[in-house]
Structures are given as C-alpha cells and as structure tokens.
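Please find the structures below.
Same chain, two partners: subunit A is paired with subunit B first, then with subunit C.
Showing the complex of A and B:
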C-alpha cells in the first residue's frame, strides 16, 4: 500500500464514519447498512473478476450460504452469532473449494454458466429443503449480534459496525492487490499462459482468490442475517448474483475503488430513482418502481458499450485526457527547445 | 411431460449453438427470447384474437426483430470484444428485456389456450395432450428446416464457413458481420418458437427466461456446444430425466436436476457426450 492509497482509504473511512452526522433518519441509515453488505460482496467479487479475470455469476450463493449458516445455527442450535458467522465462512470456504476446483478449469462463458448454474441450484435447495431452511417461509427470530457484550440493536450502531468491518475487508484487499499475490493475479488476467511461464501457479492462485471472494460474500450474508433478523430465499435468487456482477462492472472491473463505487451507486439507485420519481411526478411523468429493472439493464449496457473500464475507469481516463489536453495546450503556448 | 419440456430445451440449445457457432459468444439473453415469444403470442391470440398461424408468424417475426436489433445495437458496435465484456453485454440485454417484459405484460403468469381444442388422445394406453404432438411436430419441423438451411442454401453454407474459421470465410468474400447478424436474428426466432409452443402448457411470465436459458444451455453442453443434432437428443434426455426425477425423487428438486447434469458435464466432459475426444482436446473451455 502506497501513500496515495492510504490517503484515499483514510478519506473514505472518515467520510463514511462521519456520514451519520448528516443523516439521522433511520430509514436512510438502513439503506446505507445494506449498501455496506453489497460493497463487501463486491470487493470480494472484484478481486476475482477484476484482478484474476475469472467471472463468477454465482456469488449470491455464497452470500446465501453465509446468511443461512448464521440463521440456522443461531436459531436451531443456539450457537452464538460470532461462532455461527465463523461456521458460515468455513462452509463457504469448503463449498468454494468443491465448486471452484472443477469450475476454474473452465474459461469464459463456460465458467460463467457453471457458476450461474451453481447459484441456481443453491437457490432451489434453499426453497426446497424445508426441514433445514424452512423453505419460502424463511427463518425468523435470528438474534442480533453482540460486540463485547454490547448489543448492536439500533441502526446507528449497526451502521458503524458493518462499515468498520467493511473497512477492514477493504484494507486487506487493497494490500493484497499491491502485493506479490496481486501482481500474480493481474498476470493471470493478462494471459494465463504467460503467467504460468514466469512461474505463477495459476491454478492455485485462481482457487485461492475464488475462496477469498466467497469468504467476503459469506461474511456479508451473515451480517445481513443479523441485521434483518429474518431470511427467506427471495433475496438470494440468481438475479442477486447478476446484480453483484453489475455493481462491479458498472463501477469498474479493474479497481477495488470502482467496485466500491459501483456497489454504493447501485445500492442507492432505487432510492435515487424514487426521489427522481417525485420530481418527475411534478412535471407529469409517472415513474414506477417497476421500471428499476430497465434502468439497471440500461446503465449496465451503456457502461459496457461506452465505458468498458467502468465509471471509475471512465472518469480517470477522462481526467488523464483532460490533463493531457491541458499539457498540450500549455506546450503549444510555451514551445520547448 | 418430459418430452414437452425436453423439446423446449432442445430448441433453446439450438439457439445457443447458432450464435456460438458464428461468434463464439454464449448469449445470456437466449431465455428472454423464449419469454418474449410466448408473451407476444398470448397477446396476439388471447387479447387481439388473431388466428393461431398468423399470430405464430407475427410473434416469431417480432422476436426475430428483437434479436436483429440486439446484434446491431449491442454486439456489432463493440470494437474490442473481450469475453468478459461480451458476457456482461448479453446479461445487460437480458436484464433490459426482462424489465421491459415486466412493464408491458405485468408480473402475473399469462394463460393461453392450446393450439387445437380436441381432448386428450389415447395412444397405446397412454394419454397424450394434443399440444404435445404440436410441440414434437414443430420441433421436427424446425430441425428439418435447420438441416436444409445449413446444408443446401448458400447463406447457410456461408454461416457454416464463418463458424469454422471467420478469417478464412472473410477472405473468401463472405460478409461475416452479416452472418453474425443473421445468426442472432435466426436464434431469436427459434427461441420465440420455443416460447410460443410451451406457453399453453406452462403459462408464461416475465421471469422465466433465466432458468429456461440455463437449462437450454445445459442441453447444449450435454450435446456438445455447437452440435445441434446433439442438442436435440440432449434436450429430450434432460427433459425426460427431469420429469422422472420429479416423479421419483421430489418435485421440489425437479428444476435442479437439469442444472446438476449441466455442472456434471461441464466438470467431467465439457465437450459433451457426442464430442470426439481428439476434437475436444483442440477446443478451449
């Protein structure tokens, strides 16, 4: 981690921790808590997609595994929430290993379809295995998590809790991509054959990063379960996995900050749209929440067609273009030599 | 029951193969074509009460145009295609189409009457719904047309040339961009046919695309991606397997069977059951 990253990271953390000073409404705090869950899963997915170049359309499944482990172990077996979260992470690691080893031998479209199929199977099981997951009715009365005997029972407390956990996760991820491992992953993204030729153990790297990204997703799922205290299969369908990919792609595949930006933007989008709807209603255009799906698809399509590096990449490209143009104009005014 | 669904998976798989052969892309919006075909057919027959054959043609034409537009507007303009980018683009189109379908046709599932109004037919002690016969007949017709088109027409042969080697095909004067466009349009049309013939049985709603597409892809992989003969056999096989598992294991897990088969094939033998092992070694998965 270089100085620049420290500054960016510190500014981000201070901003997020200061945010509740301006937003005291519990509803909006809740929205931001959900944003943290999505960002958490996005950072993991970005490590896999942006750095290792492996697509996964199945990360919603790992979020579901984390959430269900938390829900089942705390309610049925009376485990403490922390222990259940640890078990959820272990379960995600195990399943990621079982699915990842054969999947990651596949490339591109095959990998995407295999992971999508996996996510769909997990969703079907969560609906059908009524004995364990209570089916579509869901699991109720999941206890709240406690930190040093201090119940996290208000939105504001939970807000600080999840954003601090997210900051730790982001810190780790930023350090990881700046390390030898990160360089190895980017080499795999560039060319697997070349990476392998210079001594990067590509199979091992790909599986390790797949497992790590599953851990991020599982933690996000467990935290979700402890926040809403109720889980059902609804939020964990394959559209959720697709949404996570959308977030990472919209923000910018090749940068963790892009993934964070995409996660924040798309998590807040329904709120922004409903605010915009009020404005539109004033001028006689009726906007319905049903249109959200179209807006999501439209944004993703637009970004992929015109800014394949994502919003974050697009803005930094634009910035460097402007910078170059200014430099060129300055150069013309003061010809050198 | 198994044959009906199997025929649909076979048709979806043929749609996947068509685009895969000409571009190497797996079109994640394939399932949406099926849904659009079915929903359009419901509107034309039940609401506008057009005659069946006319509504059938109009629905197929409508979805074909959607496929054509998709290629022109989202695939053709991409100058530096990477696999990841193309995958996300087709996903974006599928989200968009799904959202549009939801806004136009609503969230409920739509009912459509069967093609012919005769009662079940007794056949060697088994009762068969007339719709099943329609499905089998139309599958056979599509497959025959497919074979005739690719073996006996110049355009079909050009498309096959593109699928074997796009650069060489272009050197021979084949307009490869045109062939890609055509493959999207035809693939959308075949998807629409699948949607139209299954709607009287399963009742179509906007959200079915993803699962139908995924199972169709399972059939395409099982038969060997790009191999349309294999796709038909594999589609029927998966359909029958699904119906049997629904009967013997549990109907809750029925949907998972096709996906488990798909994962198993991808992990163990990604070339499919009909691919020759030498051929498979040359391909990249």
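Showing the complex of A and C:
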C-alpha cells in the first residue's frame, strides 16, 4: 500500500530513460522534451488543484516568469543559467506570496480570479515592456545550460536532463503527498472544518502549496528557455494556463499520476492528430491543425461528463466495476453461506 | 473537582437580528462530563462553534484554563487542547481509517513542507511514530480491525467512533462532542456511553450536546439546560429531572 507509488515511480523513470532506445528521431525527442516541461508544471498544479483544492488560472504566467528570468538574466546581465533559474524560482516564490496571502485567506475561489488577472498582466508586460522583454520580437540567443561543465547541446542530452529533473520533481511531490503535510492537505480537501478542528492550519498550507506549485512552473519555464534558446510572449498566453488546467483535469485531479498522464496525453495529442490527419488525407478527408482545439474541447467535455475523476480515476473506477461484476457473477454461481 | 477548565461570562451570539445565545454564564469543571441539553435551536451547537473558533461571539468572554480564547482561530484552539466532533459526522471519507486518525496527530508532529518533500516517508522516523500513535487511538475506540479501509465505507456508528479517535489523537484537555449518539442504535449508544466513560478516565474533560436523555442522565456529572439561547437550569442529572422549568421547556405548558 505504502510502496505502490514508489514502485510505479521507478517503473515510470526507467521507462522514460529507456525510451530513447526506440526513438532516435530528434523531432520526436523534442516533442518528449516539451512533454516534460508540461508534466513538470502539471505536477505542481495538481498539488494545488487536487490536494489544496484551489485553482490557478494563471499558472502559465509562472512558467513565463521562469522563462523570462532565464532569458533576461543570461542575455542582458550575463548570469550563469543555473543562477538565472534560481532567480526565476525566487521571483515566482515572491509573486506567489503576494498573490496567495490575500486571496487564500478568503474561502472560495478567489485565487482563480487573482491568478487570472496576474496572468494577463504578465502577458501584457511581456509584450509591452520592450526594453526588458524585447516585446513580441522576443529574446534570442539564450545560452544552453551546462551540467558540470558538460554542455547539454543535443536533443538526446537535453531529453535525459529534463526527464531526470522531472523525476526529482515528481519524487518530491510523491513524498509530500505521503507526508504529514500531504495528509493535512487531503484532510482539508475532505472537510475543512474537521481539519482545522484537529489543528491543521488551512490558510498556511494553501499558501505553501501555491508557492510550491509556482516553483514547479518556474523551473519548467527556465528549462524551456534553455532548450529553445528563444522566448517570446506567444506561448505564455492565457490559453496556455487553461491548457495546463485541462491537462490536470483530464488526467485526474486527485492523483499525481493522473496529472502526469494528462500532461503526456495532451502534449502528444497534436502529434497524434497530425498523424491521424495523414491517414485521413489518404481517404480524402482533410484534417487541419485548426481543428485541434475542437478535439481538446471534446475531450475535456467527455471527461468532465463521464469521468469526473479524470482518466486515471475513471480507469480505476471502471476496473473496480468490472472486478465487482465478475465477483458478483462468481458469487451467483457459488452462493456463499 | 471544582477547578474550572472552561468558563463563559455573559456570552452572546446574534445572527442578524436573531439571538442564538444570550447572557450565558456557565462553568465547566475539570475532569467532569457535562451535558448541554435543550430543544432544537436552543443554541447548543452555536456554543461549541464559539468555543472552537468557528464563530466569533458577539459579546462576552470564553476562558479556557484561565486564558481568554475569544479571538483565537480554529487551529490555535486545537493547539491549546480543545478538540471537537461534529453533529453531522465530518470524517475524511477518501482517506483510510488510520489516516484519519493520523491527521489527528498533526499537532503532535512537526515535519514541515520542505523536509516532507525531500525525504520519503520510510526515511522519516516521525512517520512511524504517528502511525503507531494513531493505531493506539483506534484500539481505544475499538476500530483497529478496520484500520486500512476507506473511512467513508464505515457504518455511521463507527464513523462517529472514528471522529472521536481522531479528536483524542490530538490529546485534548477538553473534548466537545456534538450529538455523539445521534443516528446510533441502542447497542451503539450504549457503547458510546462506555467510551465516554473511558475518555473521562483518561483525564479528559468532556462536554457533550445530546438528545438521548438516557445517555445524558447516565454519564453526566453536570447538566445544563438551554432554551432559546438562555440557560434555564443547571445541576446534577437528578436535580434536572425534577426541575419544573425543564419539564415545561421540553413538554410545553
């Protein structure tokens, strides 16, 4: 019972590290690197949504802060990439405190509103503050990050690098969920009244988790900047924040594995759809990438209607239903007592 | 006997224009079982809500162990040694039975966010201690056989027991039970009475709100009767049973 998640974790990490043996194509490796960025942000967001019961509609903005801290500090000021990433994390912590302390003191979904506003501010600043962010033209020539003096300059190297960092992030998140703090969070989710009655400081935990989820997002953003070496405001609009929420919701709010599954699925979906488009083109149906949004919307609608627990929860519910049905049939054949 | 643990002075609570509790002066003695009875809407649960920080009093003072606790938040009240249960059972239904009680050990353990992230539970000795303590309290209420099932799948009687185990795990000095026998059958009610006696034997002061008169009269040292937010009588169970005001309040003129 206790070790299940750690076994799953080991299997998952080994699988991800072995995956490049079957995928040698740089393009697909690149897709998987982006998948790791999304998964990283999703795990943080899942801690917030699934465990602290709060929604952030502006998590993309924390990703942007990580990315811009990395981009600006390394190019304008010549900082080392690691230091710039640390600065991005600190900036995210500070901003999360400023947003979180007032809005999480209140009951209800004030955080969602506050983060939504924050995300649009960040987007506007990234477009308009041309002196700092270089506006829509973006920041170019962001250096690659080095690990012990070893440049991560190929897709395969970066693949291992980000998935190992993601594995560490996931490991921390699993530990947290299984800890005294994680139990406190799950208790808040079960009954705020009962949790506070036994001494869980609800406000403090919500703020802490919000900050932690912002850190995950900022790290994801910095890693993104060092990978593509170029950032502009485009990828960090409100829709990216919504996409992150969708990934977590599709996978299953209350499970870190659900968030990982949702992150992977929706990151790979555009590729799957374009493959499907090629197939359909063969039979004379034209599929355009513009339709992707419809497919996303359809998936979210389907999940929310029929699997409110998300894919992960839905599959396990389905599994237990099948199991019960079998047990019932077996019971009918061999009536007990 | 005779040393106060919880005192109310001129306690008053208004909701809009409605006065739920008015001019309440009352003392709960240490190491006793005190019952608060009264018709529905008499303000019993409101008093619990004020003691535990869920509602601020409109005026008046609440004193716990010679300390004014009016303005304290819920988790601070819990850390002072007051814990409560709820009229409508509040368990963490998606967590296992033992995990519910482990949450009760929250105040008695201290691993913070960062350490929780870095070290997996097997590397934290505190985690093992929390689990052992939780098991001790499950055994105390007789639920240790159900430790690993989901709390939500327990029958109501056991959910009430679980709620009490979770409250006891905080090691309170004062335990407030809000209708612990409501929804229980006769056998379960008797078990609840025995449990309350055992809790008292631990040196925990118990205050309960309850409608089951047999239970109240059987286990209480002291009974307080509320009607329309006011204290209309207090005394030993025998005194209360003969009090004409109480009989009027319950049966009408």
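Odds and ends about this structure:
Just so we're on the same page, the second predicted complex is superposed on the first by the 331 of 337 C-alpha atoms of A that agree within 3 Å, B and C clash if a C-alpha of one lies under 4 Å from a C-alpha of the other, contacts with A are read in each partner's own complex, and residues count from 1 in each chain.
Throughout what follows, a residue touches a chain if its C-beta (ideal position, glycine included) is under 8 Å from a C-beta of that chain, and two chains touch if they have at least 3 such contacts.
Small disclaimer: the values here were computed from a predicted structure and weren't measured.
In the superposition on chain A, contact of A:113 is made with subunit B only, not with subunit C.
Of the two partner chains, subunit C is the only one that A:193 touches; subunit B does not reach it.
By the touch criterion stated above, A:234 is placed in contact with neither subunit B nor subunit C. Look at A:102: by the touch rule set out above, it reaches subunit B but stays clear of subunit C. In the superposition on chain A, A:208 makes contact with subunit C only, while subunit B stays out of contact range.
Comparing subunit B with subunit C, more residues of subunit A are touched by B.
Subunit A meets subunit B in the complex at residues 49, 53, 55, 57, 102-103, 105-110, 112-114, 116-118, 120-121, 124-125, 127-128, 238-239, 242, 245-246, 249, 253, 288, 290-298, 300-301, 304-305, 308. By the touch criterion given at the top, residues 52-54, 73-75, 78-79, 83-84, 86, 90-95, 99, 102-107, 109-113, 116-122, 124, 126-127, 130, 148, 163, 166-167, 169-170 of subunit C touch subunit A in their complex. Partner subunit A is touched in their complex by these residues of subunit B: 25-26, 28, 74, 77-78, 80, 82-85, 87-89, 91-100, 102-103, 210-211, 214, 217-218, 221, 250, 252-253, 255-256, 259-260, 262-263, 266-267, 270, 284-285. Contact residues of subunit A toward subunit C in the complex are 1-2, 6, 171-176, 178-184, 186-187, 189-191, 193-202, 208, 212, 254.
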